[in-house]
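Before any comments, here is the structure.
Chain IDs A, B, C, D, E and F follow the sequence of writing; residue 1 opens each chain.
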Amino acid sequence: MLTAILIMALGAIVLGSALGYASIKFKVEGNPLVEKIEAILPQTQCGQCGYPGCKPYAEAIAEGEADINKCPPGGMEGVRKLADLLGREVKPLDAEEKPKQLAIIDEQLCIGCTLCIQACPVDAIVGAAKQMHTVVESLCTGCELCVKPCPVECIRMEPIAEKIDNWKWKYPVFEIKPATRAA
Amino acid sequence: MTRDEFRQIAANGLWKQNTSLVQILGLCPLLAVTTNLVNGVMLSLATIIVMAVSGVAVASLRNLIPHEIRIPVFILIVASLVTVVDLLFNANLHQLYLVLGIFIPLIVTNCIVLARVEAYANKNPPLQSLFDGVFMGTGMLWTLALLGGLRELIGNGTLFSGIDMVIPGLHPLQLLPANYPGFLLAMLPPGAFIVLGCLIAWKNWIEARAAARRQRRTPEPVAAGGCH
Amino acid sequence: MDFITPPYLTQNVSVRRVMLQVLAALIPGIATYAWLLGPAVLVQIAIATATALLAEAAMLKLQDKPLGPFLGDGSAIVTAWLIALAFPPLAPWWLIVVGTAFAIVVAKHLYGGLGQNPFNPAMIAFAVCIVSFPALMSQWPPVNAQATFVDQLVLVFGQGPRLDALSGATPLDTLKTALKLGEGSTSVATVTADAAVFGRIAGHGWEWVAAGYLLGGIWLWGRKVIGWHVSMSFLAGMTIISGALWLWNPAHFANPLFHLFSGGSMLGAFFIVTDPVSGCTTPRGKLIFGFSAGLLAYLIRVFGGYPDGVAFAVLLLNLCVPIIDLYTQPPIFGMKK
Amino acid sequence: MLQRLFKFKGGVKPATNKAPSVQAPLRIAPIPPLLVVPLHQSIGGQPTPLVEVGDRVLKGQPIGAADKWVSAAVHAPTSGTVIAVEERVAAHPSGLLTLSVVIEPDGQDEWIERHSLDHASLEPERVREILRDSGVVGLGGAVFPSHVKLTPAASVPMDELVINGAECEPFMTCDDLLMRERAEGIVRGVAIFRDLLRPKRVLIGIEDNKPEAVATMQAAVEALGENFEVVAVPTRYPAGGAKQLIRVLTGKEVPASKRSPEMGVQCFNVATAYSAWRAIAFGEPVISRIVTLTGNVEQPGNWEILLGTPMQEVIALAGPKADTNRFVMGGPMMGFDLPDLSAPVVKATNCIIAGSPTLFPPPAPEMPCIRCGACALACPHELQPFELYWFSRSRNFGKAQEYNLFDCIECGCCSYVCPSHIPLVQYFRFAKSEIWSRERDKNMADAAKARFEFRNERDEREKAEKAERLAKAAAAKAAEKKPDLPQAAPEPVETPTVDAEAAKKAAIAAAMERARLQREAAQPKNTDGLTIAQRKEIAEIEKRRAPLQAQQQAKPNAEGVQTQNSPKDQQ
Amino acid sequence: MTHYLFIIIGAVLVNNVVLVKILGLCPFMGVSKKLDTAFGMGAATTFVLTVATGASYVIDHLLLAPFGLEYLRTLSFIVTIAAVVQLTEMVIQKTSPLLHQVLGIYLPLITTNCAVLGVPLLNVANKYNFLESLVFGAASAIGFSMVLILFAGIRERVDGADVPVPFRGVAISMVTAGLMSLAFMGFAGLDKYQ
Amino acid sequence: MNTQAKPITATRMAARTAVILFIFVAIFTALLSGAYLWTRPSIEAAAADEKMKLIDEVLPRSLYDNALLKDFIRLPPTPALGLDESSAIYRARRGGKIEALVLETVAPDGYAGKIRLLVALGADGTLIGVRAIAHRETPGLGDYIEPKKDRNKDRPWITQFNGLNPAATEEREWKVRKDGGRFDSVAGATVTPRAVIKAVRKAALYVEENREQLFASR
């Protein structure tokens, strides 16, 4: 019994000191995983994931605290990519997937309160106090954050219209597939 | 500990986070020793003991363990417990000990044990950790029993073969006719994988059906996920 | 207006036609088989076909897929016929049923059905059965055991005392067992001298069945249903290794011709390694696939534990297909050199 | 002349079906009652409209100007009045709208002033400009602005100029007829290209199923004393694909990653050469093109048709038979169903085929791929279509790109031979447009992230500044003798202090109340308890709102129309 | 020489750690979704397993056996392995970011890979000497990496198949692993032919 | 957990972790050793039990009265028995006289590798019992050499050896019936019985040859 303890203790001291030494000597900061995760998130900064922006969500995922299916703007596609990156199973999105949208300010109703400007995370709304505001189409990410603050409810979200420039070829109909697999 | 908390630990262990069917951990013993029901159950019992005790041990000691060496210490704790269990099996269930072979010592590296210790016991008080260990282990137990039973039945037509190694005097049940030729594949590694695959699919199917039913109850006319 | 996507013109080809041609090409081999070993094999083919279609229909139904186009495509029948031809002709009926059902349900439909299975279903059936029921799977009737059709049917369907009636083994197995037991005291020549078992090339009767498959295979190649790459490299792989060992020690290793015309070599070369679904698709990949399969089939049948190695060789190569394909992608237009 | 020919791998040989449409000579279509000229008819930038509603335009007058280098001008096909500049259905598989100039012809067909020029006396740069301003674009189908392609690579000497008269698509005969009837113009056009690019050799490739065209072209070349080589190439689709023709004639393989001038070769369609010659030598911009009308029609043939002529007018010329169920623009291999017959003929319209169920029978149901490899053997770009299919189908676009999705020229050979009747090209188009759309999203996300970060930074800074300012103000106030009544300020809104905030909040609360009432369909008149400033504001808003409300009532509930998941988003 | 050859054939093919011995399944299932990661995991495991077999042989024969402390095998082996793994991870993370990117994220997972403890224990059971132990360890690791990579290849392909809904994901992968294991049974007997 | 209040030097850290690990290891090793010491007697008893159970199957207890497990000769690795490591030959005595020997032998050429056999031989050279103690023969095919797996429960295949005297029977008879010998076999699986028969005979002959030494009652 004593030999056992002695021998094991010897090992413990060797390994313990090596580990302790290494833990200081080879300390590394930062997590490159976060960046990779963030690159997948759509950067809409909408907070629908429950985190204040895409980066915090990315950090939460990297920490293993958050599930990968919380970002509605990223859609199933985003979930799939995250699952791929992290080697996790693909899960259905935790919310309904919406088509991409665009905020439109009804300029006739706008009172120029600038609340929407403050809400927009990407500065997609222009206009000065007490003047009409407009959404810069090309900058709007469709995050809907400006909709709620508007006191006169003059902001509405509209799906982005299909034009020849952004028209996409559709998935070929799969005739022998049952209808239930359409989703 | 509240009732709710308890219920949640139980649900997670037994079904929602079932180690074998959901977390897909601890596969080696799961597949290697389930050539019959008795082996599966006995190994699970050993694992439950290890998980429960190591959960309590880690949860009680967690504040004393420095971060840098927490993994070696956890492993040390688990390994000691496993060796004790190994010795107990050797002393009291010698025949079974020979059958289970290296899979008793391998409880140490069974990912679930360490995973639960690291993910749960390391962050929760001892009582919760105890229950977590017990229920996670029980979740494993029923899957191992099911898998072992299925494999034994398909492969050999019997149930409880080897029971005499645990409780002398009992005899295995011959469930299928005596001239059942035996589907050996089920007892071999390929059968283990395939039967487990089917069990996982079975769980997926149950959950999808439950989800579909839940959805049907809500008024939204969303199409049910295509599962039949 | 029907929904048609361009191109509006298509060649008059279909999966069904491809499969029917494969079935047609099997006929010479089957005819010889039935002629030499009795019509039991036809019964086995019928059992396998019925099982395959039933299993396929059940799986399609479960997945809500339409039955018509899939049952009619003939791929399940090809699988069924190959299973029946690979199994011993007097195997009990349930063995064929179990094998075929496993092939269709697990090896094919769990992967989504036609075209998506990574493993060759027929070979899965063979492997499953030989692993599970080695005794039944290694009982091959000798060609000259002129059992009547009724006797054969009794063996296939009955519970009768089957074992001693059928103690024969294939020429391959006989040779292997004899050499193993002889421990150097016998040689290939003395063992194969028994023309009743070994015929002139590789097993009395079996050599003609193999020739039938060869004929069908050449026809398939002429019809451009199969390419030459896999078949030829398979035969080359087997010839090279068997030839080398034979030259090195003719007393202990049979000649290449023996190997080419025994066991599943010819069936394998033209009907099994050519399975497009589970095989390699790039030209170089096909060469590697065929050659390695031939080599492995030889190694397993001569040095390994099973009477023939074609099935396992094909399955093992099926495993490697994605990797082989990945690393043998041909250069595309404009990217050569 | 003897010419060593090379081979390209793959390709298919569908029945050519060219005979019916070469019986009749080239005919000139009448001026239709209305012309709809889309401004965007070529690859590259969107031309800007030069005319307004009500303008009278002359034949050949520019109506859209090239907006950058890769772009081409658009012209009025005849004289008449512009009656609209608006979105009209495009000749595009989507059937979506595109900005078009609608002209009502006046029947006089009055030309603008034209100048005949001799390209030899002009600077090459000037020639390119003329071509651009004449709207000369590739008429082989890709409608790429020709002046861009006529710019030789700086470092690589031009070895060969390949002129594409292969016309490999079945049914199509517009180039054949053009070569038979206007060979001289083509050869003169080729000479212009030759002088711009200075190649060592000029090769005119024509499929050997058009012996007449080969003969007339040969004769024209000889008559004009040029040293162009007219080569009959084996008939095999897609011998007319630029890369395949280049391969056949020169042995060079132009990969997708390179443009052909980098390999010392360039390729033009015969009709492009012809239109270039008309533009330089006669000052005639591209306002018409030859279109093959064939298929299930009474009178197949080729017509010279004004750009902008609506399809129904064109089709009427050929007289479609009763069982016609579709009209395909382009050839049967690469064309597409015209979604709407009011779409106009454009520069890319080389052929219109009336289809019937017997001519283009609906394919057998799509089966899964059996990896038979037939498609790989047929693919002229030596791709592995079944791999592309496998990954496109499962939306694994990264993998699809690894298997060189973007090298696919969408020729359709793979679909043609597939025993499983898989619309492979369709999958590839789908995958490509998804990838492009992802690319756009990615760029947007990057921009959004940058802006978000910038904004956060600015917020921080402003907060810091504000805190500083507040601290200073407090200090200043403390320095003042006595705190006055701040409410006494004449215009509270302008005081940049807490009161302004309060007022704003009040305004907002009021506005919200108003909005609520409005939603309840009551007219918001409850303006009690508001400051004067707020009342003024409201009055202003009401004024603005009046016309709008009328408008909104005219429109049915706009929100109700937008569906959450439109059917086209589903598979 | 042939002796070692048979050990290698045995460990890589006939008694493949994963498919026949059923060890190391968790990483086998977990890290085989993509080919790149499979390569990384394979390399990391090969390294650790070889080191682990060597180290445990030394421990067993120098520290435990002379004092009759065989019952401490499990304990001492696994603690040593865990420490070695952690050390390796820290060292390469600092010294070779490239190597860390290739192997780093897999290293912590290896401690809970049964094969890493199982193979040294099998070595003891087989009574291998030092060289044999090393060869067996390395060959087992190569066998592990090989099937991991092949499996990843198949999984990438099956990923695009229309697998019936309940079987999507892990379930079909299990079935695939089963069929792989079935195929590997074909090697039976190849290691004992003399 | 580890607050970065003050950076600790590497050596101090090393010392700290070493000490902590040392404490843990000491405690747990002590626990473990305790458990070991406590269970050791029963483990040894269980192992001996196990051995006796096997021996009981080949040699009835009624035939001897000595403590069999304590009375053995250590054999060096013996190729004649197919053994490449040392083994023990147990000697069963009644009234001090050696009545039977129990030895291990290995058939190297089973269908799936080695078959370990336990053989009990009487003093006159007759076989008292044979058992396969470890083998990897194909389940369902070659495993009928284990009485437990043998479908013929009344007269398990392996009992055919009982009462035979290899020295007194001709070699010709030591074959399966298919090869002209006296032993039955299950058709389709004759490799296994051939291997077993050969090994048993070799073991018996080995005992015969070394009769002097083995039966020398020391």
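In the analysis below, contacts are C-beta pairs under 8 Å (C-beta built on N, C-alpha and C of every residue); 3 or more make two chains touch, one makes a residue touch a chain.
Because the structure is a prediction, the values reported are computed rather than measured.
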B-F or D-E - the one linked by more C-beta pairs in contact: B-F
Chain occupying the most central position, where position means C-alpha average: E
Farthest-lying chain, centroid of Cα atoms versus that of chain E: D
Centre distance in Å when chain A and chain F are each reduced to the mean of their C-alpha atoms: 64
Whole-Å separation of chain centres (CA-atom averages), chain A against chain B: 36
Euclidean distance of C-alpha centroids - chain C vs chain F, Å: 42
For chain C paired with chain E, centre-to-centre distance based on mean C-alpha positions, whole Å: 33
Multi-chain contact residues (two or more partners), chain D: 365, 367-368, 423, 426
Where chain B touches two or more other chains at once, by residue number: 68-69, 72, 76, 80, 83, 87, 181-182, 184-185, 188, 190, 194, 225-226
For chain E, residues contacting two or more additional chains: 30, 71-72, 75, 79, 83, 86, 156-157, 161-162, 164, 167, 169-170, 172, 175, 179, 182, 185, 188-189
In the complex with chain F, residue positions of chain E that touch it: 71-72, 75, 79, 127, 188-189, 192
Touching residues (chain side chain A, partner chain D) in the complex: 41-45, 53-54, 77, 80, 96-99, 106, 108-109, 111, 113, 115, 121-124, 130, 139, 141, 151-153, 156, 158-159, 162-164, 166-176, 182-183
Complex contacts: residues of chain E adjacent to chain C: 35, 149-150, 153-154, 156-158, 161-164, 167, 172, 175-176, 179-180, 182-190, 193
Chain F residues within the chain E interface of the complex: 25, 28-29, 32, 36, 85, 112-113
Complex contacts: residues of chain F adjacent to chain C: 109, 111-112, 138, 140-141, 178, 186-191, 194
